[in-house]
Amino acid sequence: MEHTILILALPLLSFLLLGLLGNRMPHRLAGALGTLSLAAATALSYWTAAEYFLAGRTADGTFAELMPYNMTWLPLGDTLSIDMGILLSPISVMMLIVITTVSLMVHIYSLGYMKGERGFQRYYAFLSLFTFSMLGLVVATNIFQMYVFWELVGVSSYLLIGFYYTKPEAIAASKKAFIVTRFADLFFLIGILIYGYYMGTYSFTPPMTELMTAGAVLPAALLLMFIGGAGKSAMFPLHIWLPDAMEGPTPVSALIHAATMVVAGVYLVARMFPLFIGYAPEVLHIIAYAGAFTALYAAIVACAQTDIKRVLAFSTISQIAFMMVSLGVCTGSDPHEGGLGYMASMFHLFTHAMFKGLLFLGAGAIIHAVHSNEKSHMGGLRKYMPVTHITFLIACLAIAGIPPFSGFFSKDEILVACYSFSPLMGMFMSFVAALTAFYMFRLYYLIFWGKSHYEEQLALYRSGECSHEPHKPHEAPWSMTLPLIILAAVTCAAGFIPFGEFVSSNGEAYTIHIDTTVATTSVLLALAGIVLATIMYIRDGSRVTRIVNWALHGPIVAAYHRFYMDEVWLFVTKKIIFNCISRPIAWFDRKVVDGSLDLLAKAVQSAGTLVRPWQSGNIQTYCIWFLSGILIIILVLLYMA
Amino acid sequence: MDINMIIFAGLAIVMIVSALFAVTSSKIMRATTLLLFVLFGTAGLYFMLHYNFLGAVQITVYAGGIVVLFIFAILLIGKGSVDVTQTSIRRYLAGMATALTGMALTIYLILNTGFASDKFTASGVEMKELGMALMGTDKFNYILPFEAMSILLLACTVGAIMIARKK
Amino acid sequence: MNILLLFVIIPAVMLLALWGSRNLRQTRAVMVAGSTLLLALSVYLTVDFISMRSAGESAPMLYTASWSWYEPLNICLSIGVDGISVAMLLLSSIIVFTGTFASWRLKPMTKEFFLWYTLLSAGVYGFFISTDLFTMFMFYETALIPMYLLIGVWGSGRKEYSAMKLTLMLMGGSAFLLMGILGIYFGSGATTMDINEIAALNNIPAEMQYIFFPLTFIGFGVLGALFPFHTWSPDGHACAPTSVSMLHAGVLMKLGGYGCFRIAMYLLPQAANDLAWIFIILTTISVVYGALSAISQTDLKYINAYSSVSHCGLVLFAILMMTRTACTGAILQMLSHGLMTALFFALIGMIYGRTHTRDIRQMRGLMKIMPFLAVGYVIAGLANLGLPGFSGFIAEMTVFVGAFSVNDTFHRVVTVIACTSIVITAVYILRVVGRILYGEPENEEHKKLTDATWDERFTVICLVICVAALGIAPMWVSDLIGTGVGDVLSNIIE
Amino acid sequence: MIIPAEYLLILSAVLFFIGVFGFFTRRNLVSLLISTELMLNAVDINFAVFNAYCQPQHLEGYIFSLFGIGVAAAETAVAIAIIINVYRNIHSIHIKKLKNLKH
Amino acid sequence: MNYIQFFDMRPEVALLAVYLILFMYDLVSAGRYRRLFHPLACMLATAMVAVTLSDRSTFTLFGGMYESNAMIVFMKAVLAFGSLLAILQAHKWLRSEHTFYKQGEFYILLLSTLVGMYFMLSARHFLLLFIGIELASLPLACLVAFDKYRHNSAEAGIKYILTSMFSSAMMLYGISFLYGTTGSLYFTDMVQHITGAPMQIFAFVMFFAGLGFKISLVPFHLWTADSYQGAPTTVTAYLSVISKGAAVFTLFIVLIKVFAPMIEEWQTVIYITIVASITIANLMAIKQHFLKRFMAFSSISQAGYIMLAVIGGQADGMTAMVFYLVVYMVANMAVFAVIESIEWKIRGAVRRETCNGLYRTNPKLTLVMTLALFSLAGIPPFAGFFSKFFVFMSAFSAGFCVLVFIALINTVISLYYYLLIVKAMYMMPNEEPVPAFKCDPYIRIELILCVAGIILLGVCSFVYSGIDSISFGM
């Protein structure tokens, strides 16, 4: 499997090339270079996947974990070292495919979307960097390598969110994204430190002896790592950066903030799953509860948002939370007994990457067409953008969990896992799933149905009330629609992939079977949500909508403001950290620490002034001092003797 | 009461009183004259110790030389030399306090130190002995200080003339 | 002829040549030739050192030589290097080299500037090659004093005040240090000044160690920006000219950490073990406090100076942990911080040279105006906040891993506290980047400014390459340092 | 009867400190000089007394007194020359007028 | 009656020969031959240094009243060399209108003081010592008052001579009691009777004050600033270096030869005076504006540092002390030479503000001044660093750790005020800086010698080793 190194190397090279020489290249060349290198990497990934899964299972019924490369990168003392290498396991191969596929789609899509933008080359360079980092993350052979790439991913995300660096919101968002995830990474790092010290290694499979003696330390380490993951995967309350991250170019949102990077946290937990399940099941449950709450929270907030990308962002948070919950509800490593969640989570990760990527890319196409993110500028677009409309609808159906689209299958598995954990959890998650269907279709209707903003404007223009002619929405160019179509196709088909054959909690093959009760319930619930959305939003200003708005006015406003979480964070950072800690410390440093030194200097100076009159110029005074000095010294000596 | 003691007491009283007036008198000439009394008193003491040559030198050099120098200087300087009485009371008190402390300490120490002062013989010093001591090169001979003294005097003469002469 | 001597001889020759140079061209020629030669020499030394080590040379110090200097006082001109010193020499050469280019267009009195600059670098080199207490101290002070003129004459802002403060504080530190050195010398029986021999004797009475360890440590700690003796650093850096800031933060502050390790702890092991906790607390404060202070600063150089306080605090923090990994990390951090901060100060200087302000509130959108410098700044910033692939990351990680491996609650807690600095660092770095580089340029004057000139580009590129090289391939440096650290540590840990 | 050495020493001490007192309080350069003469004179008495009472076999104190007188004369000569010079420069020999050099 | 002994005192004889030649020349020369006076004096002084160094054997003369050994000879040579520097520096001054006709007196007085110092160093008897001290002070008073048409010079002279008389009276009074309690004035005899009795303590402190006055230690220092400021600059330089150096060395000898049994007492005394000297002088120096006055306080503080070498009373202390004196001499002379040059340019007293912007106009002179000040402050690689270090070492080895620490803290203050001048020269703006000028050639020679000393004395360790091989202690 030596060629796997190329999967990493190609994006890296493309990054270096574009980063260093990009400014001298024409846009087309840069785009082509980035896209082609990624296409090659994608091809290699597929080849790798084929090779890996076709190689068959080992004697114990699992896929072998291959490590084609592993070298010591930074020795840390006698035993520990940070290694760099490539680890192939079912989930990493799966991730390779997800990442390269979505990334390739985004690369192609961006050719059209970003056309003519200032910094086009830079954009592709950053995309390559991100892809490289993300690939490095998933193939990490040890937790520290993962951390290394984890940070790189964070930085790429930062750079891409802040791509429109002249836009103040983009700057703020990029900063926020980086700092919040960095904050979470702190815990990750501490977790790693604990893990490394007690396990004596950073690899994912620590020696048995250390595991036995670790006691309560391992769960603590794993919990800390989860917090790191929660930061990246936008779990409540560390989710606040993700909605803001939508300030970046939409393809970037699709790639990073929907399909790949944000699931890194899920991937982390999945990576460490054997340890979680074996030594820290209680931590898994914490994950489950945290995830469940996040899922609900994000879903509710999504219902009230008006910016379509924000809706998608919250939907992403909610869906990732689903994955987390799914991992959290595992109670054993056997997929048949308590371990189903693992497979479900990975499956959902896979399908979600596809359909959420699709949604974002679709949203991108819409934004491209209407030059706005706000729902008020949309409406009735189905006439103008048929391809986008259809693909978007497919994605919505998938996310709502309507068969036969892929979302149905993965979500179903999750719900099954939840029900088997506790019925309460199952019902809760089902409700959230229903909510998902509701807000997604709300979004769908708001964009594609209802009154067309364009037509209203046109009417106004014609009646002379508006001075300039509105921009007519148009279907996106082929470079943008092609990825939509491809992803839509995948979304339709992915549900039928026998995912359990490849990935399962104990590595053995697991055949997915639909639990009819759960499936029926969830589909019905989803349909209910869709129906409600249809009633409320298919036409503007329906009575039901007004009633609901009136009845739930308070909660809706709160949800629109994301339950004021941003304000809380702003309060903590601006008011407490900046104004109450940093400022006083800076003041303390200047006035107290430095001031005391200045005071010392001043004291010496004034002592100098003080002793000056001593030198009065009168020799009699001098001689009085002379004799007094003698006498004092004599008395001191006599006293001492 | 021994005659020596009476003479000593007389000398001491004269010396101390003249010294006191010499440092307090507001007339500079009077002060100089009183200094002369002290110097004569000192010579008297030397005679009492039978150090006749020393006494003579005291009278000639000190009384005859130095005081005359003073008088010259005073005359040269003229009326600017009128001594103003002590102005600053603070310095006056400080000076007095320091001097008194010093004196008390010294007298206390003198009284509490047993000098081996029992070898006094009223024999005096032979001139020859003195001459030999001044000219000899062995231990307890002082040719070297004597020569050094000559350089000192020469240098001081040169210096004093250089400074005092008018161009 | 010992190769190490060249590190002192070349600057000495440069001083003479500079003294004789008649115009700017000659001055520059001397500087470029000299600093290139030094750089080449240190690269050669590094390579040669590594090959000797791999050939099985296991003596703690290589290239050792000793000439009796002040024989009655056992003062020798002893030289020798171990991995740590080699790394430091390399660092110094890089900074001196790039600093030369960073002050390419410095005016007025270019010749004099380079004279003092070279004297300073001679002190630095001498310090790193010496193994004799007296000689080290001498070079140490030699390196400090030119700072006064360099800042005072060629600086900006409140330069006189800052220069004076810096000099006096550092000299105050060296007063402590001198006490410590005398204590070490006499404590060990006044037979030798060679640090290796003193370490081998290891006979300083414990009660003396308890007195002189704090003195020595604080003495060096002042230069290493140990809280609360760091306040010279913000003012000094803020007012210094570019290359001086580079050299000062890049190399001179390392003298502090190096000295703490090589002298204070190495020679006074017992006190180091018993009293480390006090200084660990202080350094932990430094780390967090410096970072927090940086957040609310508005002057670019102040931000970076406080950042230096934080990072140098980490150096001292790490060596006090007294594990091999942590100490290796400390040295790595010195290297890394040296390069990064030099880069930072170079960029700040270049930006300042154009905008004539360092107030972040008055700059905006520099990315559009001077993309090269802005990109350089972003890279420097990312390196500073510990992005993998740059040197900061490996250094910090090594430090944290090493510090964490001390099995003791106190050490663990302070390590975790120190770890928080990586978040705080991100905050202040991104704040600045977001503030001054991004956005639309607002100041009309600024819109007319130009991007970097060739010498500036050269400086920046050299440093970026070094930072990245250290960050991407840390293993060889880490090996180089590791053995040296091990030798020193084996003396500290009984 | 032999006068006890202490009496002489005390006498010289009193003279010495009267000189000191004068030196501290007089306001005129010549008076200052007179006070120093008192002090030097007292010292000479001391030497003579110690020689006579403690070490009569050698003439150390005696000769010291002798040289002391000489040195006093030399000092006085130089001092008076300078005083005259001061007078020429500032037309006063009052201590108060010597205030150019201070602080 | 072995008068031939006089010729064994080679330094003194050489000195007196020079003295006589110059005296004669002064009497006989006239017209253009007067112009050769200064070169002649310089050459003779140089020869004198050489002759002084020629006999380094150890011997005593005149029944133990005079002692000579290699160290003493070396010290004499140092003093002679210092005088040579002073003579070099004096050239322009001696050529000026008011001094030209009394050039001869200058040499006579200068050499007289040098004779006095020679006697101070060699004396092993208090009478000779006393006369030496007087010989070193009285002509110096004349020198201080040399510029007799300058008010300041006269004022400085009278302050100097009166304080000097006061202090010599004190010292004599002390010596008289020493004589009374020990029964002798020979060092070798006295040491056997030194017991540390209260009277001896009293006497010792009185004596110490006399020398402390010459060294200008606090609290016996108050004359220093006034006299230094008022005296002609050459004389100030001479006072601050040569006179002080001889006194310190003498003090050291007396302490170890006579007061050895009272070591605890005198160490306490020195301890107190060191702390007082360094601290108070430093505080005073900060606020000074006239450079000469400033240098006076600097020299007081330096005296404190020198005393650090004395306090131990050991051979290493003497080495450190002599080395310090040598280094201090070259640095201080350099500073005064620069001050004198500027004085001649601006025709007035040099204030710190005068130096503002000096670097622009006179870079080389400024550099010399900088080096000298750095050396005084103890900055490597200049010699001052080495000398300070060794002094600290010797005090430390004698066990005075806290004292060393106090002194070290004070070095920071001293650095501050030295840097103030550096700052003025390099950094302060000035509308009208001192115009560019060329130094007097003799001063240039002096400066070259001094700078060579400043740079080389520390680096070339043989000076120190040489001193160490001949030093002695308790």
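Each chain gets a letter, A, B, C, D and E, in the order it is written, and its residues are counted from 1.
The definition used in the following text is that a residue touches a chain if its C-beta (ideal position, glycine included) is under 8 Å from a C-beta of that chain, and two chains touch if they have at least 3 such contacts.
Treat the numbers as computed from the prediction; the structure is a model and nothing was measured.
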Co-neighbours of chain D and chain A - touch as defined: B, E
What chain lies closest to the overall centre, CA atoms only? C
Would you mind telling me which chain pair, A-C or A-E, is linked by more contacting C-beta pairs? A-C
Which chain's mean C-alpha position is the greatest distance from chain A's? B
For the pair chain B and chain E, the C-alpha centroid-to-centroid distance in angstrom is 31
Suppose each chain is reduced to the average of its Cα coordinates; what separation in Å results between chain B and chain C? 70
Between chain C and chain E, the Cα-mean centres are separated in Å by 42
Let me have the rounded angstrom distance from the C-alpha centre of chain B over to the C-alpha centre of chain D, please. 6
Would you give the residues of chain B that are in contact with at least 2 other chains, written as numbers and ranges? 91, 94-95, 98-99, 102, 105-106, 110, 115-116, 140, 142, 145, 149, 152, 156, 159-160, 163
Residues of chain E touching at least two other chains: 127, 131, 134, 138, 141-142, 145, 148, 157, 159, 162, 166, 180, 183, 198, 202, 225-226, 287, 416
Multi-chain contact residues (two or more partners), chain D: 9, 16, 19-20, 23-26, 32-33, 50, 54-55, 58, 60, 63, 67, 71, 74-75, 78, 81-83, 85, 98, 100-103
Where do chains touch, given as pairs? A-B, A-C, A-D, A-E, B-D, B-E, C-E, D-E
Where on chain B does chain E make contact in their complex? 105-106, 109-110, 112-113, 115-116, 135-145, 147-149, 151-152, 154-156, 158-160, 162-163, 167
Once bound in the complex, which stretches of chain D touch chain B? 1-11, 13-28, 30-31, 33-35, 37-38, 41, 44-45, 48-50, 52-60, 62-63, 65-67, 69-78, 80-85, 87, 91-94, 96
Footprint of chain D on chain A - complex, ascending: 612-613, 615-620, 623-624, 627
The chain E residues in contact with chain B across the complex are 1-3, 5-6, 16, 61-66, 101-102, 105, 108-109, 112-113, 115-116, 119, 125, 127-128, 131-132, 134-135, 138-139, 141-143, 145-146, 148, 157, 180-181, 183, 186, 197-199, 202
Counting only contacts in the complex, chain A reaches chain B at residues 618, 620-621, 624, 627-628, 630-631, 634-635
